[in-house]
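Before I ask anything, let me first share the structure, which is written out below as structure tokens.
The chains carry the letters A, B and C, assigned in the order they are written, with residues numbered from 1 in each.
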Amino acid sequence: MDMSENHRHDPYAFMGVPQLGIRNYWYPALASWRLGRRPKAVKMLGEDIVLFRDDKKIYALQDRCAHRGAKLSRGKCLYPGSGTLSCPYHGWTYKGETGKVIAKLVEGPDAPIPDKARVKTYPVREFRGAIWVFIGDMAAVPLEDDLPECIAKPDEWHMIWNWRTYKCDWRLLSDNLSHDQHAPFVHRNSPEMLLKPIFPHATRNATEPLDNGKGIGHRAYDGVTSAEYPDLGRFPPKQEWYRLLKATGRAVEMDPVNAPAVKKYGIRFRHMSMLPAIHLIGRPSGDFFTCRWILPIDQSTTILYNFNLFRRRGKLGFISDWMDWIIWKSWAHDWLFSDQDKWIVEHVTPGPELLSRTDISVTAWRRFSMANARQPPATNPVVFAPRAATAK
Amino acid sequence: MDMSENHRHDPYAFMGVPQLGIRNYWYPALASWRLGRRPKAVKMLGEDIVLFRDDKKIYALQDRCAHRGAKLSRGKCLYPGSGTLSCPYHGWTYKGETGKVIAKLVEGPDAPIPDKARVKTYPVREFRGAIWVFIGDMAAVPLEDDLPECIAKPDEWHMIWNWRTYKCDWRLLSDNLSHDQHAPFVHRNSPEMLLKPIFPHATRNATEPLDNGKGIGHRAYDGVTSAEYPDLGRFPPKQEWYRLLKATGRAVEMDPVNAPAVKKYGIRFRHMSMLPAIHLIGRPSGDFFTCRWILPIDQSTTILYNFNLFRRRGKLGFISDWMDWIIWKSWAHDWLFSDQDKWIVEHVTPGPELLSRTDISVTAWRRFSMANARQPPATNPVVFAPRAATAK
Amino acid sequence: MDMSENHRHDPYAFMGVPQLGIRNYWYPALASWRLGRRPKAVKMLGEDIVLFRDDKKIYALQDRCAHRGAKLSRGKCLYPGSGTLSCPYHGWTYKGETGKVIAKLVEGPDAPIPDKARVKTYPVREFRGAIWVFIGDMAAVPLEDDLPECIAKPDEWHMIWNWRTYKCDWRLLSDNLSHDQHAPFVHRNSPEMLLKPIFPHATRNATEPLDNGKGIGHRAYDGVTSAEYPDLGRFPPKQEWYRLLKATGRAVEMDPVNAPAVKKYGIRFRHMSMLPAIHLIGRPSGDFFTCRWILPIDQSTTILYNFNLFRRRGKLGFISDWMDWIIWKSWAHDWLFSDQDKWIVEHVTPGPELLSRTDISVTAWRRFSMANARQPPATNPVVFAPRAATAK
């Protein structure tokens, strides 16, 4: 891999990473409890979508009436039980299942309904207290195909989650979460790290495809806890007061052989990136993952879903995980630690970049994701036709 | 009329309805009482205009000094009685009548004044407590030519009026007011309609040109008060609480033969649309009109003037009209009822549309207005010249 | 000079006056006291710059890390005394002197540092309590070359200064300050002028190059204190109440022979304009200048530095100057008088203009500045090559 390669101007365009997100995947759209009796407008990958709930089912439609353009999300489910949503303007009533108009309420039951009277439907599922929507240009795959195992298996993992809106391009946030080694720098004074071993820095990074083919695992080795720089001095700098509180000792990312995660559970990586834009960071214990799922909204807005996943360890374990989250993780990690990244990525000026050894994982992830992103099946398969070769 | 015709992309562009309004008409610019001793900036059909009042006359000029571009609306009438306005920057003093500079106050009385030292003037009139401005590219017609009769004749009608700013393209508001049959849907729960007969729906619409050639009259017939929809049920839905308060009985738009409006006054239509963008909605009694006059400001701002016109019926009638307005219409109609439309049209996403039977009046009005809008006289009339046919 | 020449459309483009300011000059960037231990982001002539102070020196760098684009102004000087600033994201550490990366803190001391790992440096100086930055495309000239004498010589002049942000194109403000004769109109009711002789108007303007070649001096002669305009009356209008307070008598700009400024100090002009965008207005006494230095920020933001310069006249003089400023000038001039201009220039609509006799100085200054603005030395001098003439 040629690390000296400098992507001038727009490195994302150069690698083909799309500005509004990687299509043809499931994404979390909304917490279930936020969708009540009123339809709800959401924006995902630049598309305006209305979610509504009727008779215990959830539907997702394009949020613009085919008739004269009113927002369906301002309409109502006038006929509970029918799985329909009526436009607020002239009562065009859409079947949630098909997106087809089945009645034009003010035009009368005999109104002709042309085939064009329909809006796009989105595959939607409710699972683990979240509403998931498939955004793309093909038939949806099963939701489970796109979920990391720890989310897909509620019997084995319980989950505490929240989300935060970032005012930035989603790709800047994805880079930030791709094990780009900013942690020992940006987070060195985070309260969460105060009593923990020092993050190693000056590591060498390597990546490997995951066994399931859906992403890559990041590995960092040969890190150090401090180093001497010519003309500058030691890093981390000696004078930083919070070093005093910090336990010394070499921090290892994860023992690749003896860590319980590896031995007991076969989890090979502490940090994984998966398609479409999911970054999993675990612990050597193998009992916890923070799963950070990026949802592109528009060119300068991104939602970061922060799923904390705890391996089920009986009732007491469950209580203690919740206590841990309420007393500590909720603010020390989900708030303060994460906001250090937010503070940075919201103040990056997109443009040329000069990649370095620390960015091996970033580049690897960009490449993997662009090479392996799901593609809609070709609609016009090329048929063998010898004479076509010369056609233009 | 081909109702299956679907205007994809931009239906307004397709029909030629201009984004900044139909030019060469009078429009209401401001309530008279809002123009005091200080000049006032208004924007109409995208043009910046300064209004000022001097010696009981009102003038309207382009709001940008020809010299170095300062806003004339920040200037003053330094010489009361002269009908002039002075620019705040270097005192270029414009004659309101002609738009010509007659003095450059800091340059001295001997300053040469080139012919180019002028700004555009706008024909302006004060009438019925409003200031009216003619926006266009031709000599103004008499104001009365552009006023609906009920506004033009103060002896026969008295008027109570107000206005509201809409954050939308004026064309969306004009569609809304063109008898597009949204009323039985959008307004069915309006307090104003609570004790009134149900608006009929599923009507057939037809339009006819008005006798004066300035617009069209809308007619709706064969409406019903309720209908049964397959797979859904009855519309209006039974469960709506406000149905209980509502008097039943078939609502008719207006008896086309026996209504007092027709018999006594020869008013043929309950709902009329007139050029440039005036929508009149009356009552079968023929004694009241709400005249809604749309003023395009810029691409996403529109003012709706709401003129309530009451036929003069002596002193007692006058008092009772005012009481009616203060106690009831002011809030039940001008505020709550109208805001239901505002809430919709401010949330329409312009784009492709799929017109239907309910939009017959909308299409008819768009066509009529584009076919009949006043045009400035051709400045280069084509002269018969046989050989020109081959010229390029 | 052809004053009838009307610059239609964009007169600035026509004369080549650049929208983001005249490059290759020193500009005031920040008051010294505003740069403490934290780096500070400033924008000048459209460029994002970070200023930082270390070990009593000040550095100015391009405010965007070469690595992945983070704002360096959010970083820290982690190694006091080293003259470096570290990026907040991955600790790339820049030498302030050279703009070169000398360490990549999380990558380790052995990280390769390519030559491209650098950002632009800006020549920077601290002088008279201000930080000055040279913005351009050439080696900096000495700061003193670009300072008016009264700023360059602290022994002879003491200085009280402040600044104000204008929401306008810098060129509108520069026109305003180029002795365009708006003063007798705009400022005629300024409290500062209340007890002073009336500003003359209807003057003839002339300009002459300064001896140092860096600007022009403006002269206005033949002014009057009042004039009679046909159809209007006297200017200034009689009815203005503040005329009553005003001392009468012909106001002269400055006696070109006997004024102390001329006789004692050889100051030939009361009003001078100097490159890049400095406007000096003095007094006949020769003891005071207000030096207004325009700093273009972006297309619609401009900072006006307002340097009040008092000739040193001993301790008592110093105290009396300060008293004068605190009690009177600070609000009567720097605030109220200047805000009359701000109120105008923030409401000018750029576009065509119709220049007049009052604009002789404006045009002269535009021409002088465009003809004499410093140019970077040509990097590709044309070498005599007869055959190249036909090459394409």
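By our rule, a contact is a pair of C-beta atoms (placed from the backbone, for glycine too) under 8 Å apart; a residue touches a chain by one contact, two chains touch by 3 or more.
Everything numeric here is computed off the predicted structure, so don't read it as measured data.
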item	value
Turning angle required so that chain A lies on chain B, C-alpha fit (0 to 180°, nearest 5)	120
Chain C against chain A, contact positions shared by both copies (same if over half, else different)	different
Between chain A and chain C, centroid-to-centroid distance (C-alpha), Å	49
Two or more partner chains touched - positions in chain B	none
Chain C to chain A touching residues, read off their complex	48, 64, 66-71, 74, 78-79, 82, 84, 88-91, 93, 102-112, 114, 116-117
Residue ranges of chain B touching chain A (in the complex, touch as defined)	4, 6, 175, 180-182, 184-186, 201-202, 224, 227-233, 235, 237, 343-344, 347-359
